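Two complexes follow with chain A in common, the first pairing it with chain B and the second with chain C.
What follows is the complex of A and B.
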């Protein structure tokens, strides 16, 4: 088995605005099972960061425990990373984000790490609207402990063990929408053309952005009766529409202006051009999205794409009016403004 | 595009760039792996099967394989294939017991004209089959131009003697110092077939340049002069020497002149240096021996004083190229350039000459007074006469002559056995999975990132004093191993089975050079614009699968595939497999 990937790359590899090639965003060779959906998601993150010309040293990869949480080793090896305790990535990211708001936070979690042990943390992370991308690599099983059904596994879905799941599943997207997240998407590891723009949009979004990404477990949950297998998802996937992300600094060029249903401006001036939404689904309206999600479930479909977007979302820093600068840039003068200031504060409290 | 026909051996053959580029299609990666494994005898014999002169070619081959080597497309320099061949030859033990046995005489008798690589290859092919082989050459020893034109500081006599000897020892009757002056009389003898491998023996001259006749005593034709040196007839040269020409013969002339007493040796070429025909490494080696190159100088006059050559005058030109890349040399109008010279060597090319072939023996001659020869069978219009090497289609190189020899031997064998000679034998092909266990391969799939290793040379001061001292020392076993590890194993093919694929993208994601794509099918031109990585090398094929479940196809651009096997390692369903592809050109009687 190979533990190293050659450093030779295509001699004509394209470069981004920073002069970097995709290789500058790669990580170590994956040790996950061959064919794991997580690897495709890692690669989509590499693509998205490359295409957005993010500086690798201004990204922090956060994760918990599980197969999914191993993946930060396999992308962005030049970025910061924190592999935290099981289900505790939200708290650690909250702390990091409070201390340094200038980094792009990419949180990686799985269905076990999010929907079971980390559920409580997850809910409060959404509620507080921490400015981060939260990707749940959702395969419906606990892969690292040999494939027990997880809390996102659909009722009746049958993994390699052969016993249909007896419990109702949790829908992370519905949960996030109901808790006020301003950017909620569902995607599939096997569809990069959808996933990469969704990650780019999530990075650009101000506030908490969830991507619930179905990511088949080839070892334990890629069976004919599993609802999280490559084949089942391909057969039952339905998209809300596609979209282009137009970063703020780029002149807007729309491929097919007639097909654009809506253009939404994001916090930083970037635009999202939406194409081909099905009738009646207004992704800005929580009620209509929640009902579309329920409808598609009734029909046995998996609704994917950008499900909900609130471009006016305010992140935690804006809500609590915290320091505009990272704490590590605050000097003594900022921290101890002097006796005059103190006196003024004291006076105001009298 | 239609699914790629991988059953056609030529598809995977083309992926093995080095082997495909070799006129004799030597299985390069296979012998490189044998060298890495220390199996020098096996590596040597694999070479000997294909190219007959591994020791010679490991030193002086034109190496068409190296510019083709895939390694040169992913980093700066190709694998030193040629010098690795020499490692096999230098380190082998006695391999005589591995040479083919000689079958009982089959009653057929053939004549070979010329004892160069083409004729010797025919002899090697046919003598073991029971043919009575008679070889004619005007020189006193076998080897042809390998002996007379290549100086021994590049190709030691012992190496040449050994490999020529293997063939002569197969019961070949050699008539040395025997110039064949009539093909007609040869045809009248009882030969069943005649092979002409007489080379291109006429060195070009500059008969119209003023002073050529007067200076005759000190002006020599390069190849003739080299031959005189090789056979010990010429042992010295004057101090100031001009060598005219930019090919490998010119390089050999100047370096030989340096060793025979030439102190001020210059190369003068008509063209720009970049257009010189000599191999880059030969030019480098000449320059390393303090031999300057004067480009864009056209010979104008041999200057004679008191009946003796004292120098040459040259006209300065500049090269201009039209839209088809055709070059014309335009005089710059500057004053003529004068260079002093005691002796001049003219090495501006060589031509075929067949004064000994009568024109009334049913052997047709065509353009440029060259015999009409079939490019596949090497048969002339006289069915008993076959051609090969430089004699067939003009001056080329040793490995091309060997390739001709193999094909001519097949033709002669079929002809003598009464078979149709246009029925050519299929190549021998095997394609075997290299899977040894879970994610384990029988070949070393880890990519080595070393730069090309340099071949050690003897010190210049020693080298230029001794005509016989081989300049290149060759790789020792350790360096040979290190260089062998640079080979990308392009013969271990990535083979895709479409009905096993679940389109998980694992291969696309892991591929270091982004060769693999899953996309909607289209015409090649369109597909190439839609691949993940730029796909601009049109000489390299696209490997296209049949339709997959989603209606897409797998498209792999073969161009910079590292054959590292990661696609197959990361494939959960073994839709990708690494299979070793061995392609061997079938030889006479096989």
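What follows is the complex of A and C.
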């Protein structure tokens, strides 16, 4: 790994609508292993936020514990970050989101943090439909504790320790779809052209958005017999199709209209254009996607891309009918009923 | 010799749970209260929905002693399962009201009590056809009988029925009818049998009757809480239910119909406190409520909030442990685990209320203390306080009071800073840094909150000296906390006395009563009621001033005594425990007897619990 981060940036780096360059979205120098897939995902997050012209300070970065959960230090240094406890990022983010519905919440977790210690919280986060982006940097292995199998490791997959995994894997996307998540995607850290639009779509989606991002661990799980290695994923990856996110304020101009299978409007007016979707796959239909996922598994392939989208999804605030004003902005006048009411309460208790 | 007393006796109702008895028994208690006589009801219920024994004890106490007295003068025995136990528990000279539809077993032959047989079941069969009504009105009938036996003002009871069913008017007449049935039966058959009386007084002033959990829920509303993550657990559930009830009344935007609160029922206690911490981190006031097992589950998160310095309010309504313990019985046995919850060197601010007014005030204040100190604050209530109605001074609120949000920097503050800002920098010397809420400023004030070791600027560090400095700063903050938290209530009955008592929470009422009794015998103890942790230095001084200090509490291991010895490093010899662990509220009579015997030099155990249910023996 490097120990110094260059501060030189091209003077004519492109600027976004806020006048920011990508440098405004960067973070501290990564301390992960050189070649770690997680660093590529961090970069894709930087690209996505830059391209959407999000104000960095209106983003909150949430994480649990593990290699993946360290990454929020490596992007968006002008955003507040919260590195909480192992497997509990979902509850902390739920509380944070209840306190202020106006921020963008990017939750970063790993396969250990999500699929083992945090599985309970993950599932309830999905069913409550907290408005957030949840990226699971999935490498099938416990990195910080040096190489134990995780619950997403495929049956028979062999990490550096050399012992094939004996148990069935969890499929986070299938779980999220069955629990009602309105935005579910799978991607690969090495495929920026797919990952960046997926992150942008996830940010724009109203409600819980999962990106299960396969992110090879170069140190402990990049072996020839691992199904989460760079080589294996490149050979077995298959995409549902490609897509564009067209923000609400941009006039829709599709380069090759003939290639567009479908255009889906999101909650805030943005559009998602789907290209080259396979015959018979309807990403709005849960059954269709679950069956496609199972089919590709049978064929030994990893289906990536946007797997499921429900543009009508309602987030937790809409479900519980909470104020449009962020709750953390309310003051005494709004919150305290005052002494006259209290005396009336006293009187009713006599 | 039958017991004769005016406005000073204990009546115990023995019922089957799920039969509607608690509301009838509460009605009786409230009627006493409305006659201007202080009263203390205690519901002793099982962890069950229907069919198991449940008791309800009402103490009628003209002098206003609201703790548990001990001993029973009058029993209303409605439960066949516990008939023997209830019969035997009665004081000599007491009264035993039973359902005489079936006669008492032959071996029930105490000669030292008065038996009052009322054929409740038969009366219900004769007067009602609906089975549920037969069950519910049985309770109302015996309340009617009591009204006659105790010579109570019947209109007070009928007035309560009218209040209670104001919205279901057709229920008023049958309920009053049931009261009359009972009243008239007692009048015909038991004229002049009972020597206990309730007579109108003017002794309740402007007091209110409410349970501590409702008071805490209301305190959270007044304290400005907007977010609540919670997981149901007896006996804390009703804190959140009350919060929700009041929120729906006071926290809905008129224009939009939208809620100025968010209550999320979590998947477990870990998530419950995680939500509260996340919301507080983001600048809302948030809390959760739990009991023993939940406190254990929340420990890891409490450590995070302590070390990352995030305010959070937790209301711990203690119950009998360990493990699942007796979920519907009271205890003060989470003191040590709350004080030092979580691994590593952690300690937490505790506020300890003793009545509903304090549940209200301390819950509201807990948010100020947590924001000021940027750390968890745990309100240590218990089942007795939380779930029973208590007579209490009324709630008060000063409309000029502003929330103390502690040290929080706004965008303007950040722009005006001369020096580089550090989240954990102690610029004021009180151990507390300045925090920022997410989203405050486009370029300044962002930081990375973490439970891992960090420097003044919130950056990760494994530098030993930086770690040490940070841990020492937290000790400085702990010192600051001693002044921020409520101070102890110290009372010198006699400046020269070398004996004293220390107690807290629900042990206070019974202790004060016991000490009044001792004072009448010429034994004078000074008192210190602890209201918070960390301990105020005055408590240490108080201990030093006395040779013998009784520490009165409701747990096996003398947890407060342990905390006192640990924190002050004094007093092993002079701090003597008086303990109660039977799951019932500690009784005044037993405290008094125990102190008498200890002062008498007798070698007695610290436990006030009587063996084999004999209530008289100390």
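For the reader, a short list of remarks on this structure follows.
By our rule, the second predicted complex is superposed on the first by the 333 of 350 C-alpha atoms of A that agree within 3 Å, B and C clash if a C-alpha of one lies under 4 Å from a C-alpha of the other, contacts with A are read in each partner's own complex, and residues count from 1 in each chain.
In the analysis below, a residue touches a chain if its C-beta (ideal position, glycine included) is under 8 Å from a C-beta of that chain, and two chains touch if they have at least 3 such contacts.
All figures in this text were calculated on a predicted structure; none of them were measured in a lab.
By the touch criterion stated above, A:4 is placed in contact with chain B alone, chain C being left untouched. In the superposed pair of complexes, A:216 makes contact with chain B only, with no contact to chain C. Residue contacts after overlaying the shared chain place A:300 against neither chain B nor chain C.
Looking at the shared chain after the overlay, A:81 reaches chain C, while chain B stays out of its contact range. Counting the residues of chain A touched by each of chain B and chain C gives the higher count for C.
In the superposed pair of complexes, A:35 makes contact with chain B only, with no contact to chain C.
Listing the residues of chain A that touch chain B in their complex gives 1-2, 4-14, 29-30, 33-37, 39-40, 42-43, 189-190, 192, 216, 218, 222, 230-231, 234.
Residues 73-75, 438-440, 445-447, 449, 502-506, 508-510, 512-514, 533-534, 536, 549-550, 560, 562, 564-566, 569-573 of chain B are the ones that touch chain A when the two sit in their complex. Taken in their complex, chain C has these residues touching chain A: 34, 206-210, 218, 221-222, 224, 226-227, 229, 246, 250-251, 253, 256-264, 266-268, 270-284, 286, 300-301, 304, 394-399, 402-403, 436-443, 446-452, 460. By the touch criterion given at the top, residues 55-58, 60, 62, 72-73, 77-85, 88, 90-100, 102-103, 120-121, 123-124, 128, 316-317, 320-325, 327-328, 330-332, 334-339, 341-343, 345-346, 349-350 of chain A touch chain C in their complex.
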